[in-house]
Each structure stands twice: as C-alpha cells, then as structure tokens.
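Every chain is named by a letter (A, B, C and D) in the order it is written, and numbering of its residues begins at 1.
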C-alpha cells in the first residue's frame, strides 16, 4: 500500500525530470506513460484500500525525532488521490492530441517537454499533498502546486498569460501564509508536524490554527476575496485549466481544509460559521459573475468558484458534527473533478476545432461534434446537479446535511436557503448556455470545425462515463 | 607637572590639531597637520608608557611614529601630486563646523565621565579627547565633500580609536595593535588608490557627485 | 407474481431504451424497437397494476443500496398502482402512435428519442413506485431531464427555448420539493416513506412542508399563477411527449406528501388547494378559449384540468382534515378520476393535434379548417376528445366532474364557515369552467375540422397512417370505457382514495349507477344516459325514416354566401373571431396576461443593465482592491527607494543616527 | 590534526594569493588558482569533519580557535569559495575574450580572490576579539579591489562607498571590542585572557551588564554595517552589483555571514551577560527592518544584480530575525538559513554572470525570454529565484518556516505576521522577475545557446545542494548546526 502511494507521488516526479532529458519526439509518450503509471498506482491503492478498509499513517521522514513527512491512507486520501492521478492521466492523454500545431485556438509548436514536465510534477505534487500526513508535507506540496500552476498558466509566455500566472502564484502564496502560521503554530504547541496533532490543541489554539488553514484554503480554492486569480488563469492551455480546476490547485484548498477538519476532532464552531458564511458569499458572488461571461472558460471558472463554495460549505457544516456533510464534501470533491474536467476538456476541444471559446459563437455542437456535444451535456448536468449524473448526489448530500444542521442553527438555515436559490439560479444559467450551444443547427464556427483528434474523443468519452459512475466509486468506500 | 597633566595637555593639543586638519583648505597642509597630530599622539603614547609603566606602549609609539607620522602623510602627499591639492566646497561653513566640533567635544567629555568607575581610566581628559577625536573624524567625513578630506576624517577617527585603545588596553598583546594598525594603513592606501581612480573617472573629488549608483 | 410482471415491465423499458440507442444508426429499426418495447412494457405494467388494483394486493421490494443514506425500495400500493396504470396506458397508446409519427418528426434521431422516451416513462413509473423519498427525487429529476431532451427534440430555436423554460421551472419546482422532503427527513430520520408517515412533526412544520410541496408540485403541474411555462413547453414538444406529460405525475407527489405523509391535518390546506384549483380552472380555460395555436390551447386547457383535479383533491383533504372520511374519499375519488380522465382525453387531443400537425405542418388553427372531410378518423377522435373534455355526458369528463360537483355540494353542508361559504362559489366556478370549455372546444373543432380549408397544406391533407389512427382509437375506447363504464371503474378508484386514509372504501356504485356514497343525494348512470342520448339521436332519424315519403325542399346550392357576397375563406368564423365575445367579457383577465408579458420584457431590459454592472464588478476586484494594493506597494517601494540616494555622506549619517538612537535608548 | 588544519587553512589561500600576484601568465595563475581552491575546499571539509560533535581546537596560543560556529563559516568559505572560484575561470576567460579586462588583471583578480578568502578564514578562526575585528576589516580591504575590479566609473564609486562606509561602520565595532575588553579586563585583570572570546564567554555572567549593553550596541552597528543590516546596508547593493559575478557570489554568500558571525560571537556573550531580552529585541528590530525595507527595494529595483543584493539584505534580515527570536530553534533556523542562503545566493550571482555575458546588460526590463535563449541558465536562474523567494522544494523554504515556527513559539505573533507579509512582497517581486526575464519572449537578434558551459558545472552542483537541502537535512549537517547552537547558547 505504502509503495503504491509512494509510486503515485514519485513516479510522475521522476517522469517530470526524465521528459526534460529525452529527445522531444518521445516526450508525449513518456508523459502519457508516467502519468499512466501513477494512475495504476493510485488505482491499486484504491483497490487495496477498498478490500480491507484499514486506515493508517506511516512515517517516512523523521529528523531528530520529529516526523517531517509521512503518508496517510484513509478514505479521503485514497479517493482524492485516485482522482488526482486518474484525471492527471486523462489530461496527459488529452494533451497528446491538444498540444500540437493543429490547434486552432493556439497552435503549440514548442515547449512540449516543459509542459509535460510541469504537468507530471503537478500530478506528483498533488498526490503528495493528498497523501501527506504532516502539515509540513501539506505546506511543501501546497507551494509546489503553486509553482507548477504558475508555470503552466504562463505556458504560452505572452504578456497576458504571464501576468495571469503571476496573479495566481502571488495570491496563492499570500494565502499560503495562513498555512505557514498554522503549521508553525501546531508545531510549537504540540511538538509535532502531524496533522492529527491539531486534535491536541485547545479551543483558542484551534481557532488560530484553523484561521490560518482557512486563509490558505480560500486562496488556493479561489474563494472570496482571494479569487481573482482563477478567472484570469483561463489563459492557460485548456488541459492545464482542466487540471487546475478539476483535480488540483483549487482542490488543494478544499482538501487541506477537509483533511485538517477530519483530523482535528472537535473543531470550534466559529470556524464552521466563518467558513459557511464565506462559502455562501462566494457562491453568490460566483453565481452573479456568470451573467456577463461570454468566454466559455471564464464562465467555467466562476462555476468552479461557486462549486468549491459548496465543498467549503459542506466541510464547514461537518464542523457542526454532520458526518453526512463531510461525506458530501468528499463526494463533491470527487464528482466535481470529473465533471469540471470534462467541461474544460470539452471547451478545449471546441477551442481546438473551432478556434473560439466565445459562447455566443457556438451553436449546434451536438449535430456536428456528437461526442463533444454529449460531453457538454453530461458535464453541464453533472455540475448543476441533475441525476443520474453524479453531481446531484453530492450536492444533495450537502444540502441535506445543511438543512439537518440548519434546523437548529438559524444562521445555517438562512445560508442553506440561499444555497438552494443559488443552485437553481446557476442551474438555469448553465442550462441556458447548454441549450444555446449544444442543440440546433450548427453555427458558422461549429460548421467549419476541424476534426477532433482521437485522443481527445477517447478522453471525453471516458469522462462522460465517469460523470455517471464517479459517485458509486465514492459510495463503495463510504458505505 | 604630573604625568596625568602632561597627558591631558597633549590630549588637548590633539583637539587643536584635528580642527586644523579638518579646516585647512589646502590638502597638502592638512597632511602636514595630520602628521603633526600623529606626532602628538606618539608623544601621548610615550608619556603613557612612562607614567603608567606600560611596556607595550613603547612599541606602539614606535610603530605609530613610523606609520602615522611619516608613512601616511607621505602616501597622501604622493597622491595629491596626481590629483591636485585644493579642496572643493564643504557642506557647512567653518564657523558652523567649529560649533559642531565644540558640541562634540563637550559630548565626548560627558561620555568619558561615565567611564569613571573603571580603574583603567586614570586620565579622564585624555579619554574624553580620544572620543572627541573619533567624533571629529566622523564630523569631517560628514561635512566635507572632498574624498581626500574624508580620508583624513577616517584617519582622525582611527587616531581617536587608537588613543582609546591605548588608554583602555595598553597592556594588550602587541599583535592586536599591529593587526589594527595594519588595517588602518591598508585602508588608507586602498582609499587613496580608489580616490585616484575616482578622480580619473569623474574628474572631481567631490563625493556628492558620485551618485551613479542609487536606488 | 405481480412483482415479477412489474419487474418485467421495468426491464422491458430499459431494454427498449438501450436497444434503440444502440440501433440509432438504423433509425427506422430503432424506432420500431423502441415503440414495440414501450408497448410491451406498458402492457406488462398495466397488467401488474390492474392485478394490484383489482385483487387488492400491493407489493414491495427492496434492492441493494447504491447510496449509503437511502434504501432503494419500491412499493406499489393503490395510489402508485393507479398512477402507474395511467402512465402505462398513455405510454402504450403513444408507443403505437410513434410508430409512424416519429419517422417523420424525429427522423434520424429516432433511436435517441426512443431511448429518452423509454427512460422518461420508466423514470415516471419508478418515481411513483419508489417508497423512498430520495429515489423518488432521483427518478423525478431523471424524468425531468429526459423530458427536457424530449421537449427539445425538434432542436429548432423555439424548441430549445421552450425546453429551457420547461427545465428551469421544473428544476425550481424540484428544489422546493427537495426542501420539503428534507424537512420531512429531518423529523423522520430516514428517507423511507414508512418513517415519513410515522414521524412526529409539529403542526407549524407540517404547514411549511405542505406549502413547500404544494408550491413545488403545483408549479410542476402548472397551476395559476405558475402556469406560464406550460403553453411554451407544449407548443414545441412532440405531441406524444405532450400526451405523456398530461399524466400529471405532480399530483401524485402532492397527494403523497399532503395526504399520505401529513395526513391532511388541517382543513385550510384543502381549501387552499380548492381555491387555487378553482382559479386555475377558470383562468386556464379563459386563456385557452382565446388561443389560436392548437398546442397552446391544449396547454391552457391542461391548466384548467389540473385545477379541476386539485379541486377534487382539495375537497378530499378537507374531508380528511375534519375526519369525514366519506367527504374525503369522495373528493379524492373525483380528483383521481379526473386525473385519469384528463390523461386519456388530453392524451387523445394531443395525439389528434399530432396527427393534424403531421399533415398540415402548423399548429396555428387559423391555417387549418375543413380537415374533417380529409381526415375523418382524426376528426372523429378529436370530436370525442373535445366532448369528453367539455364534460358532455355520458363521456368520462362528465363523470369525474359530476363527482366533483357532488363532493362540493356535500362540502357545502359543512360546519366550517369558510368551507360552507365557499363551496357553492367553487361549484359555480366549476360550472363556468365547463361552459367556457365547451365553447372553447367547439371553437377548436369547428375551426380545425369544419369549415373551409384556409391553407395549402390543409387542402392537401389526407388521413394519417394506420398506427396513428389505432393509437387515437384506443384512447377513444378509453374515454368510452371510463365514461360508460363508470359504475365499474369508480369503485376501484374509490379504493385508491380510501386506501389513503385506511378506511373501508365507501359504496359508490350499484348496478349501472354511480352515486356519491349516499343514493339520496344524487345518482348517475352513464350507460343509461348513453342509451337515452342514443335514443335522442335515433328518434329523429326514426321520424325522418317514417316520414320519408314526403320530400321536403332542399337547397342544393353548393357554395355558401354571406350577406350578398360570395364566400371567401377569410369570411369563415375564425378562431380569433370566435373568441371575441370572451375577450370583451373577461377583459381584465386578459389584460393581466398581456401586462405580464410586457413586464417580462421590461425585466429583461433591467437585467441587461444588471449584467453590465456585474461585468464591472469583476474589474472592481482586480483594479480597485488588488490593483490599488499593488500600486500602493510599488509606490511605497519607490518612496523607500529614496533613502538609497547615492550620497556617501548621507549613508554615514544613517549609521550615526542609528547609533545615536540606540545609545540613547540603551543608556536611558 | 585539527590544530594543524587551523594553520594550514589560512596559509593555503595566502600562498596562492602571493603566487598569483607574482606570476604573470594567466594560464599558470589559473592552474595555481584551481589548486588553491581545491586545497582550500579539501582542508575546510577536513576541518569541518573533525569539528563534528562539538569538538574544539586551539592554535597559536589560543589566538586561533575553531568550534561549531567556525565550522559553518569554514564550510561555506570552502564550498562557495571552491565553486565560485571554479566558475570564475570561465567567467574571466569570457571577459578576457571580450576585452573587458587584460591578462594582467586576471592575476590581480585571482590574487585578491584568494586574499579575500584568506581574510574571511581569518575572521572565522580568530579567537582574539581584536584580531577578529581586524580580520573583518581586512575582508573589506581584501574585497575592495574585487568590487572595483572593472574599470567603470560605477565600479570605482562602489568601491569607494564600500570601503568608506564599512570602515566607518567597523570603527564603531572597534569601540565595541574595546569596551568588551576593558569590561573583561576589570574582571580578570589579565590582558591576554580579556581578549580571548573563549575566555570572555566563560566569564560572561561576571561582566558588567550595562557596559556590555553598550558594547553590544557598538558591535551591532559595526558588524551590522558589514553584514548589511538596514539602515547600514547602503554600500551593499552598490558593491554586490559592481563586483564581477563570482566575487558577488562570494561577497553575498560568505562575506556577509562572516560579519554576522562575528556579531553572533558577541551575541553569545550578551545573552549570558545582559540576559536574552536586550540583544534579541535589537536583532529582531533590525532583522524585520531589513526584511521590510529590502523587500520593497527588490520590488522596485530594475538591475537584477541589485535586486539580488537587496535580496541578500532581506535574507540577512531573516537570519537576524531568527537570532532575535532566539532559543535553540530560532538560532538553529538562523544558522540553517545562513547555509541555505549562501548556497542559493551564490548560485544566483553566478547565474547572473551568465546572463550578463549573454545579454550584455543587467537591466531586468531588457532581459527577456531566457527560457528560449539559454534554457539551462534560465532554469537555474528561475530555480534560484524561487528558492530565495522561499518556496519549496528548495532549501530556504525550510529555514524560513523554522524561523517562523521559532518566532511563534516565542509568542512573537505580530512580528512574524509582519515578517511573512514582507516576505510576500519579496516573493511577488521575485516571481515577477522570473516571469519577465525567464518566460518572456526573447529579443529577435539575440543568438540562441548557452554561454560559459564550463560555468554551468559548479552551478549544477549548487543547484543539487539547493534542492537536496530542501528535501532532506543530512545528519552531519544537522549535527553541525546543533553544535553551533550549542556554542551560542553555551552548552
């Protein structure tokens, strides 16, 4: 088990070094290969864990009696790790088709090794973050993901993308300060870097530690007021955006919040209150920002912001003692990953074939590009939470838990009503664009679309399947 | 005349000479003044050595005689031949500088008073003067724009600290004095070399013009 | 055994769905597979539910858990069985209808359509069959999703737009329903219906749950004032889908929650339903009567009929609340009866419309006319449907409305003042509805099927293919069965109604008559009525036949004329003209309707401004908040940079100042 | 063994320096130079190895002395001296080939390089506080010619400021030294002992606290000037930016630490003499001030070498903050940071050498697209900048985190938040720099390809150190740092 875990961390990192060294024509294959190895490790880890369900923590790096890095294997980490490596692999495969000179939106002729190197490093770092059992490990990989995303967002190297990349790294680094403080604070109060040491703090200390953690998570997950980097990050190559939004970067924030809440035992309620209020505020903000967007990726960015708020809300609710909320959060992390990944890859495929991401120029996708069209529908429906797509289940769990908690907490009740309204509103808006874009007779841009590469079609197909079944993968472990 | 009185008298002479070094507009003259001051310093060392029975100070006075009275002024004058010996304008008028100097001297004596608990300090005035000398050196660096004048300032500071060292640590090992003195000499040498280069590059010794590097 | 048949039906739906999806490329085959599969499945469903209803043997089943927090259970009790029956009935008929209808209308996507159609029907059935609220919601949402795709099957701009409206409204409704179910869950501790029934819920919360679910299901059913989405949706949905949607599953949910779970605990719930129902009925039919578009007309008529159904259920709930099981059962019976009736005749009407569209290719009644001659079967079917919906005895619409009248009269004797006072009013409104409905459908039949043809297509129309006729005829039979067979059917529906309260089912029929539980109040025998009416028809014929020797003068002029002018198609009494008196009479109601439309566009213009504002909000964050922060930092940096001004004397001064400050603080 | 090393260690660079001055042929000088730095590296490693585990050595009648603190400095001098010395060869050949310097100058350069190393070693191993002062002052003199090596106007200006300000500043340190001595002398009445640090630390608690406070103030200002604490740092950006890049590496990487460690010696005495509050508060204030001011300078400065110089100020500030926080953890963090910063900053300054060779400018607004023009250099530059910005997976991240931890442990919540905010500004400034210089699009007319391949080898080694220390702290190094902490805290 530990070897599988280590494999999913180290193999992609190894790959990221290797792709820089090998001849450029082999890079794509190597990238695919290493991400696939990571996926296999993640999958075996999941299978192994699903069989016997014993959670454990293994210390790996100890200096002077202080554990600096270790690996935690439990439902949360195994699931999220699977998501990270799976989507990582899919994205690497997708990029084989996407990152070439045939790309209509942005032909890519150079920098492929750099792209794959950072992509693989990203996968490895994410995996490391997810499996880490220490705050130090969290912090380390937190910053690593920031670095990778920075390089990938600025991949095209023009002024705009570089600026956007700067927004991303500076804002998230600022947020990371919270985690720095929390890590140091936990260490000095308990003498340990282990995440579970959070549980040994007293009430006030926990508030301070979680305050820091919240700040860090907000920054990384692009929550108000640290959100502006995410919509700007849309200048990245679409596979990167997909990975940022689906499985990494923004998931870092929610993951560390979930992880710390899980390990800390009783968390002060004020953290739950603050988390929930900010989550709902962000949710509403993200929703409001849907309206003016005409760039598909930007719309998706705000959708990500709003969806992450759901996860934040759920984790905050779990602080009130609702196990269901926590499970809902875990499920939503997992489900949203596949749905949003799919959505971005669809956007990418559209950009690839048509050269535009403007929503108003896309019409009749289904008739011309059926796979992409179905992908669009599946992604949209999963994100807005319509069964049988998996987004429904996790959202339902969150809302259910919210009302359960809110029945005795007027504040939460109000927030949940707002959430419910937001869910309807965002549903309507996404649905509107879906109706416009997917159905009907092809618009000019779509009619002139170039054929979609096979790798893109395959990946989109796999993800469509995942939007239907991802929930059951979660339930297999949760039940 | 007791030993203390001699030392104190010579020390006051130091203040006088240092004011001359600072305010002499012609650099060559200032170099001579510095030589004179160093001679006074050597005399102080000698008298201290005699009155306080501090053998190491004989060596001190000897080395100081060679380096400070002869070597350093010679080096300065050698440099002056290349770059001319007229000082440019200074930041303050002479009267202002003197006013500052008076204030600094008063301050030094006040500071020296606080050392009274220490048995080593038998010559309070000399102690005050040593600090005053140091501060006057600083004053020179701060108020004079000419690079060579600033070197003189540094030399004055050096003399001051040398005196302090002699008063407080006259029985320290010789190596200490040699080390510190070597540094001082080399510092002056290097500063002079650089000053020469500065003159070649900028055509002036006014340090206020050396502001290519800022921000 | 029943269970097996039911499962077979489910399996057949799934098989039909996926087979047709797989065969999508060969779309004709896919269409046949889908239709035949649906038909077979529906028959199996019918059989199983009829067994349940007739033999009185509800069944339940539990499946493995998919979701940790909810059991996947199915329980077909009387109410569910009744609903499944209705759905299956329409499903079977539409299946036959689609055999040819889809070939032309759905074309190459017939496979996908078949898939979605089967999923839609199946999810409806499973929604009403599941006895776990979570799965109810899941299937409900799948149903909505599938029907969304069905609504936009034509994929023109209008269809997409109406699909959007439909789905958005449906989802909003579902959110309210979810809310109410979650509240139930909080008190019950699980999603099982059995726990919901036994939950101890404070009255105030019960009211909340009821209102939420009423709103939610009411929106989904299309009651006034939430009816606006109905005409939009129906006008572009394929007719078979409209027919399926007429089964009004939303009513099921309302009954389930309001009556079954909450036990209809206070009387004003029923009155609310009654009031909303009455208003919906009147307003719906008023709107319908001035409509020129056939689909939209039927849509407004749906609002009307939903209103009538709600009135029945409202009376039923009042009865349950005041513990008068007889009144309760009777009202519920009226509601449920009208529900199945509505499904049948509205389904028929939609299928007829489908047939008309199939040939005439428009839904605008002004462009039809004279179709009865060219499409006699369709015309006949429409006529029967129109008669039924107008509650003309002895057809089924009349029977259910008759029960409703009886229940309202019974409620009029009630002790609660509001009920007592309002019941007659509602009865009057119901009567008004019936009158306008009759007028409306006379107009519809007249304009569409009678008179001259007003368009090229109408002139060239011919009868539709056999499967479509067969489908329509089946429903005609259904109307007759439900109407003439009322004495047989009513007791079973009475069973369903009474099962909700676990009382013994009251006596509502004897021999060839039905009566509202007591024979003294009123009695109705549709078979006898039918015989009587037939007699009325036969007697004149008989008279004519007996007097046939005497030739009366007949005008043989074949071309009609009007006030001296020769006839032209434009002179015919058109749909618009027909409803002119109504327009004048109910001016305020229509005025509300037009202003509502205008408000919509006004809101849209505000909305655009808001979007603009929001657009600026984005840059606000970046420029004002973070931008000024960044600029401020750089500016501060530039100020601080000034300390490194390049003057070596100043640098020395810094050192000295620092030293002095330190010395002062140290010595102090 | 250890005692002999204490003699050998300063002797090697001194001899090499003299040889370099004497020999005219630059080819031979290069050979001598390589031999010199190799010998130095080996000897220093040998010394460090023998010092492990809290060993101490005396030599020359107690005038020379080595302990944990020395070991850290010697390690840095040996490693950085060797690597940047190695880098110098390619760098200087390039300058020679482009007519920047003459053959004769190379001998001077290598001569002063080794002289500089000698003075730094001397400052590291001297036990006599007056000699310590003299050695630190001598480092100024040794490096002044390196700063003014080029024949530019700015070089001369920088050298002038460097020498003048450092000399003035250090003059105060001499007063501090004298005060300490006289303080000790009044305790032991033995002139020899009163000058030895090892004796001073033994009698620290007997010293007059008020006097010691005063002495510490002078020491702080004096050695702080040399170490580059704000506001005495003014010479630093000038000197570091004007020196040849390998020399800048040495200045930034080692010299600052020599001065700082001289201060640490007094800090250790002050801790015992006047208690921890006074020296720690002072260091904390100066540390934070340095970090804060430098962070802004990094942001607004355009010259990349000046940016890096200010970054050195910032990191010296962090080290000072670590010392100011105090306690075993704080001091450990400070020392670890010292090592980390030396490695990283040497790497960066050497890389800057490659960049200036390639682009012919140090203006950050003109250097663009390094990733395309010189990918390896660009990579190293970016990695180094990320490291100094304090981001994992590189070493500085660890020590910054430790400093923060120590600070919070001491209850300095707001100072640490302030520190973090300053670090964010610096971080932003540095990533903006990478974003512009490394990732931007290159000038059209610039030929592609690396320059100075030879120079990339030491840079690669530095990179390996930098990344390696970010992930793992080897046990010997840990031991070494613990020893040094033990020396400062007196157990």
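To be clear about the criterion, a contact is a pair of C-beta atoms (placed from the backbone, for glycine too) under 8 Å apart; a residue touches a chain by one contact, two chains touch by 3 or more.
Note that the structure is a prediction, hence the values are computed from the model and not measured.
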Higher-contact pair (C-beta pairs counted), C-D versus A-C: A-C
Compute the distance, rounded to whole Å, between the mean C-alpha positions of chain C and chain D. 81
How big is the gap, in whole Å, between where the Cα atoms of chain A centre and where those of chain C centre? 40
Quick one: report the Å distance separating chain A from chain D, using the average Cα coordinate of each chain. 42
Measuring from the mean C-alpha position of chain B to the mean C-alpha position of chain D, what distance in angstrom results? 31
If a residue has to touch 2 or more other chains to count, which residues of chain C qualify? 641, 644, 648, 652
The positions of chain B in contact with two or more other chains are 138, 141, 150, 207, 210, 212-213, 215
Residues within chain D bordering two or more other chains: 160-161, 164, 168, 237, 297, 300-301
What graph shape do the protein chains here make by touch: line, ring, star, complete or other? other
Pairwise, which chains touch? A-C, A-D, B-C, B-D, C-D
Looking at the complex, which residues from chain B come into contact with chain D? 118-120, 134, 138, 141, 147, 150, 154, 157-158, 161, 164-165, 168-169, 171-173, 175-176, 179-180, 182-183, 186-187, 190-191, 194-195, 197-198, 201-202, 207, 210, 212-213, 215
Per the touch rule above, chain C residues touching chain D in the complex are 633-634, 636-638, 640-641, 643-644, 648, 651-652, 654-655, 657-659, 662-663, 666-667
Residues of chain A touching chain C in the complex: 171, 225, 227-228, 231-232, 288-289, 291-292, 324, 327, 364, 366-367, 381, 384, 386-388, 392-393, 396-397, 399-400, 403-404, 407, 420, 423-424, 427-428, 431-432, 435-436, 439-441, 472, 475, 478-479
Note which residues of chain D are touching chain A in the complex, please. 369, 371-372, 386, 391-393, 397, 401, 404-405, 407-409, 416-417, 420-421, 424, 427-428, 431-432, 435-436, 439-441, 472-473, 478
Considering only the defined contacts, which chain D positions touch chain C in the complex? 160-161, 164-165, 168-169, 172, 213-214, 217-218, 220-221, 225, 231-232, 234-235, 237, 278, 282, 293, 296-297, 299-301, 425
